[in-house]
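Shared between the two complexes below is chain A, which pairs with chain B and chain C, respectively.
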Partner chain A sequence: MANTFNVERREEGKVIVLSLTGYLDAHTAPVFEKAIQDEVAAGRLELVADCAQLSYISSAGLGVFMSFIEEIRGGGGDLKLAAIMPKVYQVFEVLGFPALFDIVDDVPAALKNFADGVRPAS
Partner chain B sequence: MASVEKTFALHVPSSTENLSMIRDFVAKIGAIAGFDEKEVMKLELAVDEACANVIEHAYGMDTTREVKVRALLDDDKVQIEVVDTGKGFDPTSMASKDVEQLIKERRSGGLGLRLIKTLMDDVQYEIKPGEKNELRMVKRIKKS
Partner chain C sequence: MKKLLALLFLAALSVLALVWIFPRRDASRLWQLELNRDGVLARARGIAKSRGVNVDSWTAAVRSRSVGWALELADGGALDAVSRTQALLIFRILFRDPAVNHRLEIQLNAQGRLLGWKEDWENPPLATRRRAEAEIAAEAIRWFEELAGANAWRFRQINRGVRQGREEHYSWEWNDPAVSPHVARVEVVFAGDRFLSANFQVTESRALAESRQARQSLQIVAFAVVIVVIALVSFIANPIFFRALVRGRLRLRRLVTCFALFAGIWLVAASGGSWWDDRVFSAAEKFTSPWVDLVGNLIGWVLLFALITVMYGTGRVLIAEDDRLRWLAFEKVLRGNWWTRIVGEELTAGALGGTAIAAAAIALPALLFPGALLYSSSSDFAAFRLPTVWPLREFASFVSAGLWFAVWPLCRKWRWGPSAIGMGLFVLAGMLGVSMIHAVFESALLPILLGGLIMTGSSIAVYRNFGLLATLVAQLAMLAAIDASTAFNQPAAEWQASAWRIAGLGGALAGAGLLIAWRGRMIDVDAELAQLDAETVQQNTGDRDRLTAEFEVARRAQQGMLPSVPAQAGVFDLAASCQPAREVGGDLYDFFAMGDGRYGVCVADVSGKGVPASLYMSLTKGYLAAAGPEESDLRVTLADLNTHLHAAGKKRIFVTMAIGVLDIKERTLDLARAGHNAILWRRPRRSESRFVQPKGLGLGITTRLLFERNLEVTRLELEPGEVVVLYSDGVPEAMNIAREQYGEERLTAVVERCDGLTAEQIQAEILRDLHHFIGAAPPHDDITLFVLRWGENGNQ
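The block that comes next holds the complex of A and B.
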């Protein structure tokens, strides 16, 4: 059934990779919110959302990204998005996310951008 | 020859845990209509946003109410109606803000509405607060 969502966490050096699996909607968004909140509270501000297994996102999920990005970038970090599948990417596109976020093809590209200090101008 | 119209309906309790059941229902409708994967996703998302708005804003997260989703199919289009008996909203109050403003204000209801209008071909509202509010969305079936 189309309602499962979970977040798996791993460390790649200083960077925390959060792998999102399943359906991120108004019901499951609090799970994602807590996962990011835990990292931000601990001062871990270099984050990658690995979206390779993310099957669906609605405005509730998009809102979680938006609600933390200012605080994360203000602290010198970033929340990068990797490996978004095409049918999900169209949703990010509709709300202008490519202009606001560093969206890359895969996790290694996100890690490289952290290493090279690459982030969007906004 | 007039095309035959088929009607499908789903009533669920007003809890966000039922959004996935609503999406499954809408995905089946999209498949019957012959939409491809990306178009089915748009249909699912638009209805999800509409129902989430009802649950969160029209009903204020009261899980004892009901959300009704009705789908009408004919040869030319899919029309989805989301009906509630909650407090309604003013669609014109969101209309003037741009997307970045809506995002910054994090008013998910406004963002959801903006998504619905982008994802669907036509959107109409009929608001009678406390009585019956109806959101009608249409996606046309492209003939190849």
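The block that comes next holds the complex of A and C.
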């Protein structure tokens, strides 16, 4: 069904994993935005977006990632992207996101990067 | 989808709950209706005929009412011998002769037993005294025995032809304090020889009447609170509405459609209900024509729909940004585009949710208050022509539709407390509204308030999770569930059939919703919301025309800003075009001379749609125009552009661009790709088609340093006959009706087919193929192309 989107939150130690499901477009972007906003407001700046169930992303959705990344990194944290579907990854890739964001294959890899302090060069 | 499945599950549970609880607990089980309207009319006609009054050609109207105090006793198992004789539900059947000066009212109980007969003339014929006293008395006794039935022996005659004005009264009473505090009475009235009326009635005891009086005043308080809330909301809403209307912020067409929608639904409900019967009854009081009463009544209804429309308009103008989505499905219905998925989803959600809410509102009070009387339905449905449409009555009500339209937006606009006070008022009104509709019994006050709270609270949950349309449909479904359960409680086969029909319609509604949700059109949410906003932008009708004209001007200006691309530059031929999907678009192409045989070519795409995107496009264009021709290093041009856009943009808007520097002397093309689609490079001599995708971030996303570090410039060494196509994502992402995308493969195929043609011809062919593919589907995104080709000697 079109335009269904869901964010599920879980904690892995200090890192918050947000699992995204469905379509991320202008309709559903506010849901994702609020989820990140809640974490940032609470000072939890180590975030992983688990995109395994994310089937579509539009420019509005991309905008959500972009609008928080500077704030999160400024606070010493990061927003890592994990398990992006090939179709969706293409959208990220064309825009050049791999150079901006730490994109990994799965959530454990993202957690490992947090543990090892790996961040994209900025 | 998950939410709908959850609702489906809840609805199924609800049906089970209703099926289990209703027959055991709801007061409607006590009515035991054995007749429906047709049966009642047939019975009454028979009775009239047997007394010598042929009413076949007379107008007939039927009303029903239940006797609250008796119902209460019956539910509590507190009936005694006397109160047991009181009918719980009474049918009133009124016949009026065609000359409208003679009326006959017959009263029957739910099983069709005669309770009363009353005959009246506008100009009563003169009373004659030709019959013997004994004969009249005997007739009176015959009536008494018929009405009192098996209990006749318990009555004592207390009036034997007592004169009251022109009438003679014969009365019998069963008044035995040892048996019951209530009094049963049969009264037979004659005017001279002529029999006028006979009726059987039980009067409740004084104590009971007094206690009910106290409770009825509670009901009046509830009624008053609801009226005050409604009046308050209307009072606040009207100025907002009319101010918005005058300023052209509301589309008249929508308002009219809204009005027509509710009026239409009411019409269906009224024709199936007792609305016309009410007119006949009230006209009969005064021996006037029902049509007279109709006009006054109709005016009242028209005002109601006007008020509902005012509430709709108010809400529409006030809705907060994140609430717009919740109104979208309802707006689509008003616009006639009901075959869209969101409409289907909300229809289903409403149908299922309403059922679940109804069950919860009945089941929870039933569980928490085991002894309480549940009185969920008024009894007038018993007389309806078409009980199946009975649930529609609430849809066109102010309390349902009117408040839902306006109260939530009003609360949010004024943020009373954290809008808690406002919502609190709303919930209170809802609770009391529900309790006001039904008689408030002492034992049932809390359960009814709880039921009202559940109904209002859950409806709010439906609104927040699904939307306005779902909430309105839920009100309807709630009633349908309760009405069907009530009808199922009645033994007559006709009532069972009615119940199945109502349940069936409810199921059909949910099914239709599912079908539409599955097969309906998907909509472009961004575009729809933009249109919703645009409609409430301040403008009068004159301005609206001007705005359309200005959009047209803007469009032409934007097209005019696009450079004219020469057909030839050296050995290269060029062609470019841009087709915006909306009046103004977010794509651009550009071409500028850099001197020394070098030219800049580019295609750019701003994220987003409509006016905001086109403004960024202009910004980009302006910058390119200023710096492009001057700066020889493509990297610097792009880095500067990125810096400007990064600073100007709100971080969510970005621009993608494919830009190249064509050197006609060296026959090279230096390409850079800032987050844009890959560039197609067709090489016929090598029978090769490639997509060139140098590294590069979108413009405006990040800082200069990062941007530059990730930017690659690729040099293409061109050969004769080769074609380079720069395009925006509107080309590969163009969709046909089957929602397939055009894709890069089709683009490549077209370009390969066009080996040997000029850039102009290639472009035309691409566009032709693209539009052929799209067919009748609406344009989704701007379509921009820039084709350059090294024309071979001797070719056109």
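To be clear about the criterion, the second predicted complex is superposed on the first by the 122 of 122 C-alpha atoms of A that agree within 3 Å, B and C clash if a C-alpha of one lies under 4 Å from a C-alpha of the other, contacts with A are read in each partner's own complex, and residues count from 1 in each chain.
Here is the rule we use: a residue touches a chain if its C-beta (ideal position, glycine included) is under 8 Å from a C-beta of that chain, and two chains touch if they have at least 3 such contacts.
Note that this is a predicted model, so its numbers are computed, not measured.
Partners chain B and chain C, brought together by superposition on chain A, clash. Once chain A of one complex is fitted onto chain A of the other, the partner contacts of A:Gln53 are absent, as it touches neither chain B nor chain C.
Contacts of A:Asp25 after superposition on the shared chain: both chain B and chain C are touched. By the document's definition of touching, of the two partners only chain C reaches A:Asn6; chain B does not.
Touch criterion met: A:Pro86 reaches chain B, while chain C stays clear of it.
In the superposition on chain A, contact is made by A:Val94 with both chain B and chain C. Of the two partner chains, both chain B and chain C are touched by A:Leu62.
Only one segment of chain C in 279-287, 441-449 or 603-611 runs into chain B in the superposed model, and that segment is 603-611.
When both complexes are aligned on chain A by C-alpha atoms, chain A residues 1-3, 25-27, 58-60, 62-63, 66-67, 94-96 touch chain B in the first and chain C in the second.
Of all residues in chain A, those touching chain B in their complex are 1-3, 23, 25-27, 56, 58-60, 62-63, 66-67, 86-88, 90-91, 94-96. Chain B makes touch with chain A in their complex at residues 15-17, 19-21, 23-24, 27, 37-38, 41-42, 44-45, 48-49, 52, 55-56, 99-100, 103-104, 106, 108, 111-112, 114-115, 118-119.
Of all residues in chain A, those touching chain C in their complex are 1-4, 6, 25-27, 30, 58-60, 62-64, 66-67, 70, 94-97, 99-100, 121-122. On the chain C side of its complex with chain A, the touching residues are 1-2, 4, 322, 325, 341-342, 345, 517-518, 522, 525-526, 529, 607-608, 650-654, 656, 674-678, 693, 695-698, 701-702, 706, 709-710.
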